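Two complexes follow with chain A in common, the first pairing it with chain B and the second with chain C.
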Partner chain A sequence: MLSLHTFLLFFLSLSGLLHAKSSSGDSVLVVLEPARQADFSIFFDGLKEQGYELTFRGPKDEKPIVAEHDVPAFSHIIILASESKNFAKDITPQSLVELMSGGTNLLMALSEKQTPLSSLASEFSLILPPPGTPLVSFFPERKDPLSMIPIDAPVDSLILSPKMNPVWFSGVPHALGSNPLLVPILHAPSDSFAADTDSNADALVDAAEKGGEGLWAGSQLSVATGFQALGGARATWLGGVDMLSDKFAKKSKAGNKQFARDVAAWTFQESRVLRIDSTTHHLVNGTTPLEQYTINDQIVYTAQISHYNAKTSKWEPYSGITDMQLEFTMLDPHVRTALLPVAGSPGTYSVTFRAPDRHGVFKFVINHKRKGWTHLFSSTTVPVVPPRHDGYPRFLSAAWPYYAGAISTSVGFFVFSAAWLAGESRESKKAKKTQ
Partner chain B sequence: MPPKPAASEPTSAVHTLWKAYNENTSDRLKFIDAFLVFLMLSGIVQFAYCVLVTTFPYNAFLSGFASTVGQFVLTASLRSQVNPDNKNEFKDVSPERAFADFAVGSIVLHFFVFNWLG
Partner chain C sequence: MLSRPLALLLLVAAAQASLLTLHAPRVTTYDSTGNGIRTEILKLTQKPAIPMAVGPTDSLKLTFQIIEEGDDSGKGVQPLQTFLRFYDPHTGEEGIQPLRVTAAGKAKFDLNMAKPPLSIPPTSKAPLEVTLILGSPKHSPVKLALFDIQLPESQPAPQHPDEPSFHLLPTIEHTFRPTQKVPARAISALFTLFALAPWGVLLVLWSQVFPGAPRLFSPSILPFTASLGAFELLLFWYWVDLKLGQVLLYGGVLGVVTIFTGKTALASIGARRIARK
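So, the complex of A and B:
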């Protein structure tokens, strides 16, 4: 029994070495109707190959629960049961948001029906078209139904691999609100629009009469959108479950398999994950951090930043950020300067700046939020004090006339006294001679 | 003797004063006066610098200027005490005692001046 256990452990560790793993854990809960599990076997097998541990659960099953005593039980949750109107009582929009703030990543798919997930989507600033209006397009000409659309992957995507085959899509599009945390992954084709499949021609005619008003159309719509929460968790919304299905992945020249891999890698925090390992600060000609700095000091601030490499499951020093800034703030940033990588030492970012001529409680702040990347935030508080009474320069060149005046007076006094006394002795000698 | 023109009267008054000073003042008092003139000029230069250029650092101005003023006051009192004409005024102050007072006072003054200077 013991040997079996050690063998299992060995096997697990070996598989960990061989496969990419997420930076935030490997346990995945898949919420899906048991009957449809086989429809996504390529996607699930791919995840298992990567080293994820999948746990399946029907949307109405009570077990396994997503969080016990407010501690999330899984690192990632995939909700593909997009059409079910009723979930078990622990899967609600509120509980999902709470899980996200606890660090759980979510991968969710929408459907054209009105479900609890549709109302959650609007909390993420996704604006859904009216129910029952999937995305349709007449181009390119094909034998498939109008609602099955091949979408060319963007050329310069943050999340998807370059040179990907078209991704087949079937589902609802969504417009994006102004939330800056949204990361568009895949936009709808410019010649597509959302319409009821039975009367799409009518919808177009109606919209054309109104000058296009009310028509959900064009490449401003998105079919897959990511969301980088402030707490570090990631959520991805897909317009339809079929993007991940075996049926689409098996289509000739379909990029769906790669798309599913890339989206899962980003959502489960394998790719574009950064962290600040350490920050330190010291005087230009010092090495240890001071408890407080004096106004106008030359301060060196250094940050060490790592990037997660999913291939080795290790954090590696990362010098690729070129637009990071350091702020030295007291309510407002008094200094805002570029924090650039140091050539020759990977992962190190350093800047030297002069502390402002202003005393108070300051903070070194790194606040680096870029679309698609983990947000970096670091704040270190240091007081900046005025010089001590003996910290000022003692003798100033402007005061030389005064110094000369005082010194010449003293010298004059000594010369005067000496001459006075000499004269006195001469006089007394003279007096003696005359006597 | 014809009367001198009126314009030259002030000049002649200064000339007479200067002549009388030269003739009636002992060397010792003239020496004190030379020191007093030096102190006055030094004080004027410092004050002019303060007004025209900068009052910063103000403590240096105060101590430099106060040293010349203080030394001037002490030297002036020495002059009045050693002047033979004032013998009746200072009956119990001998010239030696007057110089000792002057020396002690000056040393104390310079002690404070150099403390306040830097």
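So, the complex of A and C:
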């Protein structure tokens, strides 16, 4: 009974895995020399199984263009033409940056040679080694050439699956700048170094003593790095095309196939994708958002956040963010509080806070950035005004004597008028008497 | 019979590439005047229990010779890769220093804290692990854990200015103006009694001399008195609840009523005065 249940679940989950789709479109342009297309059949077949439509193009072909009249033609672009020194006119570093600003995701591979992509890499805070210095490592001892290195997958990675087999790599490492938008995926092994194929021991020491970057060695170097742009697009830089090739994927106990799947999933906006569905604000006892708030009001701010589930291709409410913060800002944040998920309402985050006693034009700002996740940003402007003339506290206990005095005046006037109207005039009687 | 496993062992050893090891690995720390502080002969199977401490003015010297294992002839090996790796297990910072090895396999490394090499990573309070990485095409690669080194704490690696926004930022709570202090209600009540004291005086005086109010409930006087009372009540109602527009409306209506009742009342008073004359 139990085994049948798990068996069925297993099959269902497999079918779900086969159809994991991107949240931003399925059209992929692959820029690759036609002769090498067959070398990556496992990777491309894997992408087709996931539901992507691949369009192939040589680096020097004129068609299909990446962007027609400033409208991107593809949702994702893979550039594996690492041997070409020139690309066609429409694939330039500038055009690729523009495409990224428009939301196109990029997956690019570097090589020892200088390609047009080498100058683009520095825009992403990646520092490339001198040309002609691939990564080599004597460890672990193996029959393969020194430049084919199995790299152990990191234990806790944001992007790669846990418990992955070693990933075979051949290519160049790159050093990472301090840009927080970079998401390192795979670091070089600590015992590897970048060297000319015919360098000797002294050349390495001389390179280190020369200064500058010195020796390119160690686990601070990265061989696969992701980049989450502020606009939401993602780019991944691979140090070598061979990581995705069939030859490496077919090696025994190689994790390259899973690695390629994970990297494509993150780069093409399948995994770790969030979005803010809606935000509202209102007074504590109200339900509709007000045009303006008064100082010292208790304001409730609510946000709805969804997470893209690649298996079902749907956006699902997500309550897993534990460290989101809301800022109530006028030039500088006046209030910064934790925006916590509401129990019992998936995807809803809410906080109640007191508006500062400064009046002015404030903004509710959510600016949530974490490595590997989509940036969440929302800004709602709302004026905060001082109280109206009748918004101040009334009937204060300190004013009782004054109330008593004023009411006494009123009552006194009434009593006097009543007494005067009610009374008989007696002067006439006296005048009569004296007469 | 006995020689068979031995022969197999020799075969296995010959099939594997030869192993590298160190001959006479020694590390010494010196102070600023050149006097030795501590010397350790490194056992490659076990690191010294206490890290080598190098202060801000001290220096450290590591010497060894790389030889093939089992080779006692004193002939050294010059591997392609002889790197010294400094690693901080807590922060993950790492630095690699290549060492120059002579043809005889001898190598030495000088670390002068007055002028530290660029390869030393940023240090914290924890000691760094020092590992020797040897790689050579003709031998098996080997990593040897030599010793731990305790260096003075350095500045942390510089951070990008945007880096804090990728983590939890400190909570900001607005300091509000303190609520105004109000005097105690008992004091207000006391002074209210003072304000009402004249009524007491009036009541006392009236008890002595009351002028009389014979025509209070006469039908020509009472409506006017009631209108005046209504005006006072309207004023009180305005203070408590009404808006200006409403009070002007009600006041207007009441005013018209008061004109008529007033005429009646004052006419009747006038008539009585004339009648008495």
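Just so it is clear, the second predicted complex is superposed on the first by the 365 of 435 C-alpha atoms of A that agree within 3 Å, B and C clash if a C-alpha of one lies under 4 Å from a C-alpha of the other, contacts with A are read in each partner's own complex, and residues count from 1 in each chain.
One rule holds for everything that comes next: a residue touches a chain if its C-beta (ideal position, glycine included) is under 8 Å from a C-beta of that chain, and two chains touch if they have at least 3 such contacts.
Everything numeric in this text was worked out from a predicted model, so none of it was measured.
Shared-chain residue A:F138: touches chain C; no touch with chain B. In the overlay built on the shared chain, the residue A:L396 is in contact with chain B and with chain C. Legend: residue contacts after superposition of the two complexes on their common chain; A:N179 is shown touching chain C, with no touch to chain B. By the touch criterion stated above, A:A217 is placed in contact with chain C alone, chain B being left untouched. Contacts of A:D323 after superposition on the shared chain: chain C is touched, whereas chain B is not. Applying the stated contact rule after C-alpha superposition, one finds that A:G405 touches each of chain B and chain C.
Touch criterion met: A:A419 reaches chain B and chain C at once. In the superposition on chain A, no contact is made by A:D70 with either chain B or chain C. Legend: residue contacts after superposition of the two complexes on their common chain; A:T337 is shown touching chain C, with no touch to chain B. Among chain B and chain C, the chain that touches a larger number of residues in chain A is C.
Residues common to the contacts of chain A with chain B and with chain C across the two structures: 396, 398-399, 401-405, 408, 410, 413, 417, 419, 423.
Put simply, chain A touches chain C in their complex at residues 137-141, 146, 177-180, 190-191, 193, 200-202, 204-205, 208, 211, 214-215, 217-220, 296, 323, 325, 327, 333-338, 354, 356-357, 367, 369-371, 396-405, 407-408, 410-411, 413-414, 417-419, 421-425, 428-429. Touching chain A in their complex are the following residues of chain B: 27-28, 31, 35, 38-39, 42-43, 45-46, 49, 53-54, 56-57, 60-61, 63-65, 67-68, 71, 75, 99, 103, 106, 110, 113-114, 117-118. Listing the residues of chain A that touch chain B in their complex gives 394-396, 398-399, 401-406, 408-410, 412-413, 416-417, 419-420, 423. Of all the residues in chain C, the ones that touch chain A in their complex are 17, 78-83, 85, 87, 94-101, 118-119, 133, 135-137, 140-141, 143, 157-160, 162-163, 165-166, 168-174, 176-177, 182-183, 185, 188-189, 191-192, 194-196, 198-199, 211-216, 218, 221, 224-225, 228-229, 232, 235-236, 265, 269, 272-273, 276-277.
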